[in-house]
Amino acid sequence: MALLEVENLHIAVSVGGVLQPVVRGISFTVDDNETLGIVGESGCGKSMTSLAIMGLLEGTPVRITDGSIRYDGTELLQLSSKQRRAIMGNRMAMIFQEPMTSLNPVYRIGDQIIESLRQHKSISKKAARARAIELLDLVRIPNPSERVDSFPHQMSGGQRQRVMIAMALSCDPKLLIADEPTTALDVTVQKEVLELMSDLQERTGTAIIIISHDLGVIAETCDKVSVMYRGKIVEAGTTENLFERLAHPYTRGLLNSIPVVDHDVEWLEAIPGRVPTLGEELSGCAFHPRCPIATGLCIAKTPGDTYIAGNHAVKCHYADQVAS
Amino acid sequence: MSVLKLMPSALAGRKLATIGFLWLVLVLLAAVFAGVIAPFDPLELDPVNRLAEPGWPHLFGTDHFGRDTFSRALYGARMTVIIGVGSVVVALLSGGLIGMLSAYFTKLGHFLMRGVDVLMAFPALLMALVLITLLERSVANTIIVIGIVYATTTARILYGMTLKLKNEVFVDAAVCSGASHRSILFRHILPNLISPLLVQASFIFAFAQLQAAALDFLGLGLPPEVPSWGNMLSEERIYLTRAPWLLLYPGLLIILSVFSMNLVGDALRDNIDPRFKDDISGV
Amino acid sequence: MLAYTAKRLLTLIPTLLAASALVFLFVHLIPGDPASILLGDTATAEEVAQLTREMGLDQPLWVQYFVWLGNVLQGDLGTSVFFKTPVLSVIAAGAETSILLACMTMVWIVLIGVPIGVLSATMHGKWVDQVTSGGAMLAASIPTFWLGLYLIFIFSVGLGWFPSSGFPSLSDDGGLANLRYLVLPSLTLAAPNAALIIRLVRASMLDVAREDHVRTARAKGLHPANVAIKHVFRNALIAVAAAFGFTFAALISEAVVTETVFSLPGIGRLVVQSILRRDYPVIQGVILVIVVLYMVINLLVDLAYARLDPRVSLK
Amino acid sequence: MTEAILSIRDLKTHFQTQAAGFLGEKKVIKAVDGVSFDIAPGEVLSLVGESGCGKSTVGRTLTHLEKSTAGQALFDGQDILTLSPAQFRPLRRDIQMIFQDPFASLNPRLTIEQTLGEPLFIHGLAKNWAEARVLIAETLDLVGMAPEVMTRHPHEFSGGQRQRIGIARVMILKPKLVIADEAVSALDVSIQAQVLNLIKKLQRDSGISMLFISHDLGVVRHISDRVAVMYQGEIVEMGTKHEIFENPQHAYTRKLLSAIPRIKTRQVNA
């Protein structure tokens, strides 16, 4: 049994009373000490997935329509809100894309960390403060005993994201979900934050899910990768296996679209067409309108998983061809 | 999106606002056709039938001069529309222009907006009272006074909104295309302000009714002979215990109209560019 | 904090000077000779001539302004035409009523406006919200004098619970119990303002609820009520507190109508009566006092703002 | 080297932060603090650096969206920084700018035709709408869009399509110098590649000179001839693409290059 097991998850967003599917049946697992990367372009459903796991969809027009999310063997979707909250921020924590706005501007950062601590642990204010300073030190904030009394606006974006990480780690969660944790940061700061996350993982054994649009970030930090396109995981596997033999035309196209720094490419092999919009109906494989090797079969039939090597799964009728 | 298309989409699915809108249409019709519908001359005295209870032929009863309250209420609708539209035009034209130009031409704006700040140091009703002291009681002067009072807030709001638009990338793009100031102001900025302006207009219309009624009540608004809802309330207040309906009908008419205008303004506001929502504080 | 206050006070000076100049000019904008305007219709030619000399009305306008300003700074706002007493004492006589009325109104506004606003926001979209926010808008659409008249009709004339008019000073017989004279007026004055606060609390809270940091708070596993109060309401308070200040400042002048309805001996009614009596020195004095008060309260609001929002630098 | 089309010497753009009231202290932010470079005809020079380094301000100063504090910018031998708005207006035809955010850079109230027609009429390239439409259709075709889109409004298009329209607005004037400010940063990777290819192709075909401003080193390598690395308002290193990427000299350039996450894979497009 893995720490987190997501099975056949379906998520839909209500637009004017009509449910539009966003996530269309995805399954994956994450285990202790493991980092899973979920990568995809805007609207593919990756952020919705992370909010669904965390339990933050309440009060939004987004609904989980089917499937199961099991944490440590417990079915999260059947818990009461109260039971859910006991896990949130405690066994399971999350950091978000916008470090500039994700902290409450009117409270000192120390108090925000203390709030998280005291929510789940019976711990004195004094001890909580000491722990907050310790956590700030852990995420390499210089002068933690002073910075603990800073307000968010007195810190840079990178520092705020560290504070977010410190807050997320305050109750020693077993699972950390990071939704585009470095997208808003400069590359040099991104590197520091990603390194910090993997160092902390080594120390604590926390399972991590990183949601990102950046294939590079995922490739460098994750053990496993799931590539999402229009609500489905089209390719998944260990980072090594997957990048060794990219077997889905979309993943391949995505990789070819990225201009690299280490050598010259005359023309990028861009994926033609555009990212499908919400509510657009596509038969068969949703990628077929943009796929260079699509055939009548792709329009007619939705592909199932083809396994390339071990658990390297690909949703493409021609996966073997693409891989070789 | 044109202004005409704005209304149905704003009212869609909002029953209360739709009823409010229909009520305003009714008020407008009453204002236009008051002369045709009114069963009596609103100024005609009938001392024999003074303080008559509502019934036939006096639907809303008669006042202490025996004038037909229903007919006066119909003509009052005319005053409501005139005062409302007049104040909106004065406020939006003067305040809007000051706000827009101030935001666009920063140096001029620094000067003009300091002036607006000084005027804003006078609370709305106080400013109206000060101005009214200097002027004679007349319909035009009431419109000017209320218009000027709301011109200051309008200037502030338009200033803020124009500043936001001025920093928009599409304005930068227009500048880079070589567009002139006039073209940027009237082709790129103003069209984006039309719907927020419409919202602001509906709130000014609503507030203007309350201010006009308050001035009438204080005896500082419209000349006493003008049949306005505010004057009707002001004149009949001493008969509150003897003939409570005399204050009920004009009061309800004011409340319904102001409420309707607020509802419509609120519905429109929910439909405009979210950037501007916080700028316009109606009710 | 002190330095900031001092600095803000200094920046207030130009606005104050400009506003006072407008108030000064007010008398000169009235058609006719300022001296006879200030002295009223009953003044003799000698008196007019004397005042003309005293005020330097034969001097250039700006000289007159500074003479007037000098007098004002020494507490001399002129003499009431009607009462024949110094304007300052006429205003002072109405101060107790007006201040008590404003404070009592403010209490209602906070007690009614904040809880209902919070309720409305937390029940967003549900029937409670629709009823309260619709009701608030309706309340803001009622002319205050109409509401006041009907409150008198029901609670004074009908039920006899509260007196319908006047206000004996707290130092008169009855003492604190005299506050009952202000119950209906303060409720009247509070109604539209509380309605505005309800709408504002609701709107600000809904805005804050959409901010990223609220999601962070929820992700900590906090109870929804805790999120609503500690994170959403606390941040919305920044905008709401400012509105409290502006409302309080505006109450003094909004009370004009209420004080007239309830025949309260306050500054508001003094304005109206002075306008009808053409007692221009009093009008001028009251406007000046209210404007200065308005600005001082706005300054206090700014200071409160800085305390509530750490992003606002006081340096 | 042929004579530069744009030659910048010691450009400085400083901002004064507006402090409250007339007594507030004013702080000076030196966004651009002494920048010099040349762009040859047909050359693409990239300004690369992290947020706040001043790279965008350079572009905005050259298009008069910000006021320069000091320095010179010779365009075709004429110092454009000292020109009055009226004197600079005709030059705007030659110096065009592509903006970052495709959602914000098109006026939502105007049709595509109106947006693309405006610069034509301002610069007298079309006398009437019939003439304008011909040019608009040609340019839309150039950026890979059908002429039928002319009557539509921006909200009907995706981010990638809007950016193509933004590029069309620039290309329709046949400028000599294009300043592209983070022109592909807001786009999804798959769309970014399309637009990047388009910009590169248009630049090659028309021989336009380009100042390409970006934080993305991969994108910069892909499009540039030469690269200038900016840090805190100054250029810390400048050289040909290969000098910068294969043999970086400055510590900051090295730090930037080493910070980029790499994908270890069999090179599929080599």
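As written, the chains take the letters A, B, C and D, and residue 1 is the first residue of each chain.
By our rule, a residue touches a chain if its C-beta (ideal position, glycine included) is under 8 Å from a C-beta of that chain, and two chains touch if they have at least 3 such contacts.
What you see is a predicted model, and the numbers here were worked out from it, not measured in a lab.
Compute the shortest path length in steps from chain B to chain D over the network of touching chains.
Minimum number of steps from chain B to chain D: 1.
Of the pairs B-C and A-C, which shows more C-beta pairs in contact?
B-C
Calculate how many whole Å lie between the centre of chain B and the centre of chain C, each centre taken as the average of the chain's C-alpha atoms.
22
Centroid from C-alpha atoms only, then distance chain A to chain C, rounded to Å. What do you get?
Roughly 53 Å, centre to centre.
Show the residues in chain D shared as contacts by 2 or more other chains, in ascending order.
Residues of chain D never touch two or more of the other chains.
Counting only residues that touch at least two other chains, what does the list for chain A look like?
Nothing qualifies.
Going through chain B residue by residue, note those that touch at least 2 other chains and give them in order.
Not one residue in chain B touches at least two other chains.
Which bits of chain B are touching chain C when the two form their complex?
Residues of chain B touching chain C: 16, 114-115, 117-119, 121-126, 129-130, 132-134, 206, 210, 213-214, 217-220, 230, 233, 237, 240-241, 244, 247, 251, 254-255, 258-259, 262-263, 266, 278, 281, 283.
For a test of understanding, state which residues of chain C touch chain A in their complex under the given definition.
211-224, 230-231, 234-235, 238, 308-311
Quick one: in the complex, what on chain A touches chain D?
For this pair, the touching residues of chain A are 41-42, 186-188, 190-191, 194, 213-217, 219-221, 243-246, 252-265, 267-272, 274-275, 277, 290.
Can you check the complex and tell me which residues of chain D touch chain A?
Touch list, chain D to chain A: 50-51, 158, 160-161, 188-194, 196-197, 200, 215-219, 221-223, 241, 245, 255-266, 268-270.
Give every residue of chain C touching chain B within the complex, in rising order.
14-15, 18-19, 22, 26, 29-30, 134, 136-138, 140-146, 149-150, 152-153, 157, 195-196, 199-200, 207, 249-250, 252-254, 256-257, 260, 271-272, 275-276, 283, 287, 290-291, 294-295
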